[in-house]
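Questions regarding the structure given below will be posed in turn.
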Amino acid sequence: MSEAKPLPTPAEVEAKLRRGPFHQWLGIKVLEVGEGTITLQATWREEWVVNVEGGYTHGGILASLVDLTADWALVSSTGRGVPTIDLRVDYHRPAGKGDLTAKGRVKRQGGQFSVAEADVFDADGKLVASGRGVYLTPKA
Amino acid sequence: MSEAKPLPTPAEVEAKLRRGPFHQWLGIKVLEVGEGTITLQATWREEWVVNVEGGYTHGGILASLVDLTADWALVSSTGRGVPTIDLRVDYHRPAGKGDLTAKGRVKRQGGQFSVAEADVFDADGKLVASGRGVYLTPKA
Amino acid sequence: MSEAKPLPTPAEVEAKLRRGPFHQWLGIKVLEVGEGTITLQATWREEWVVNVEGGYTHGGILASLVDLTADWALVSSTGRGVPTIDLRVDYHRPAGKGDLTAKGRVKRQGGQFSVAEADVFDADGKLVASGRGVYLTPKA
Amino acid sequence: MSEAKPLPTPAEVEAKLRRGPFHQWLGIKVLEVGEGTITLQATWREEWVVNVEGGYTHGGILASLVDLTADWALVSSTGRGVPTIDLRVDYHRPAGKGDLTAKGRVKRQGGQFSVAEADVFDADGKLVASGRGVYLTPKA
């Protein structure tokens, strides 16, 4: 990150993200992009539910959000989504019906791979899941 | 696991799993259920793709499969899906278009929480992802 | 954390920590204790080295520091070290000869288990490792 | 692993491992080396203990064994210890006084990084911890 690249706008990042059909299905919107940070929103859908009685969102959806948010927190240097090497997610409380917000930040930018993390919040702003991934970020 | 419970049939486990809308969306079929083991299949759909050029399935789908397969590997003792405490997934190679098969097994059954793991294979039988979760399994 | 317990002093926490022979061997000093936070120091010793040419500290020492620092970040509510359920560590750069400083903080306090994390810095203040654990914290 | 390299002997691997002062301190012995597998032993010492009443070994020692055993499971292709990118450890039961045995195996060998895992057993052969690491294994 030695040279200052102009920061992409949320609309630019959202357009890139939404080329992916899974990102479209998750209804991803980009709310904010910073240097090594990002804030996303995902639009609730009935198919996310694991348990119809409780109405809880499946942990796989929360893991998907941790992964993609951490990955795209790197966008100010990568310019795009990059391959995930591994992912770790902690589940903090059940996520009920409603849109989810996710905040990502780079923990360590490296020349071969980078570590980034994300927190996922429910519609009431409560932390429902958080975690980290290692991403492949070779120097061009 | 001191008392032998009769092992549920794949059809019984599949019926329980498919109560969850997300499991339906993933097109989950149960191929085999053993003592602390399970084999599942997920039915490929266009919305899984992250990258339209490569046609690769999103890591979040693979994470979902690791989670639910490890969780349901515990079904011979839990009788149902249980809450995930945390999840870790390693990505081994890109998963192209095609159904995925996942094999789960219990690593350590405990009285408060249990560890189970899963491998996910593509339609050619190649390992695309693998990982582990910790699951809440309190004694009744 | 509904009731305000008086915060233990660094000297009180250090005395508890140093009952453990491994903590003594690591030369643990407690620099600061806050509500859900802690700062520790570990005193370099020759036996930490994995590679005599480079003089690098073994990743197991860094993992030990992540674990014990995250664990003791919970001390303002637990009053003691508690069992680790699982641990995840990212290695950011080699740690050369010199004392290490570790900062821990609680990510999510729960009634059965809690998540806490820690960063480990070398003598120059550079981040060498970071990670998270899940800890057993049943209500009394 | 396209070319068959002659497998190093346990004595050869032990000699390499014991160049590291931390490995000496752990009293590492190499019991078996296979293609992508290894079995090690660590010699109990008083300084491992975290809790003098229970006599339990610190989780950091178990994490160290998971890391180094998984790392050296790669030795049939790497020929040496390689850098750890990240490490994940599950704790299964307390480890009392006594030597520990660790069995490692490669999960996925790659051209840039590889995943390997390890199980750690107490003197009674009970599984006390297990886990995985990602290791840097660039092609020469």
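Which chain is which? They are A, B, C and D, in the order written, and residues in each are numbered from 1.
In this text, a residue touches a chain if its C-beta (ideal position, glycine included) is under 8 Å from a C-beta of that chain, and two chains touch if they have at least 3 such contacts.
In this text the structure is predicted, and so the values were computed from the model without any measurement.
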Name the chain whose C-alpha centroid is farthest from the C-alpha centroid of chain C. B
By the contact definition above, name the pair with the higher C-beta contact count: A-B or B-D. A-B
Centroid from C-alpha atoms only, then distance chain A to chain B, rounded to Å. What do you get? 22
Chain centre separation (chain B, chain D; CA means) in Å: 28
Scan chain B for residues touching two or more other chains and write them down. 85-86, 88, 90, 115, 134
Which label fits the chain touch graph of this model best, line, ring, star, complete or other? complete
Quick check: in the complex, which residue numbers of chain A touch chain C? 88, 90, 92, 107-108, 110, 115, 127, 130, 132, 134
Using the touch rule from the top, collect the residues of chain B that touch chain A in their complex. 19-25, 46-52, 58-61, 63-65, 67-68, 81, 83-91, 94, 131
In the complex, the residues of chain C that touch chain B are 85-86, 88, 112-113, 115, 134, 136
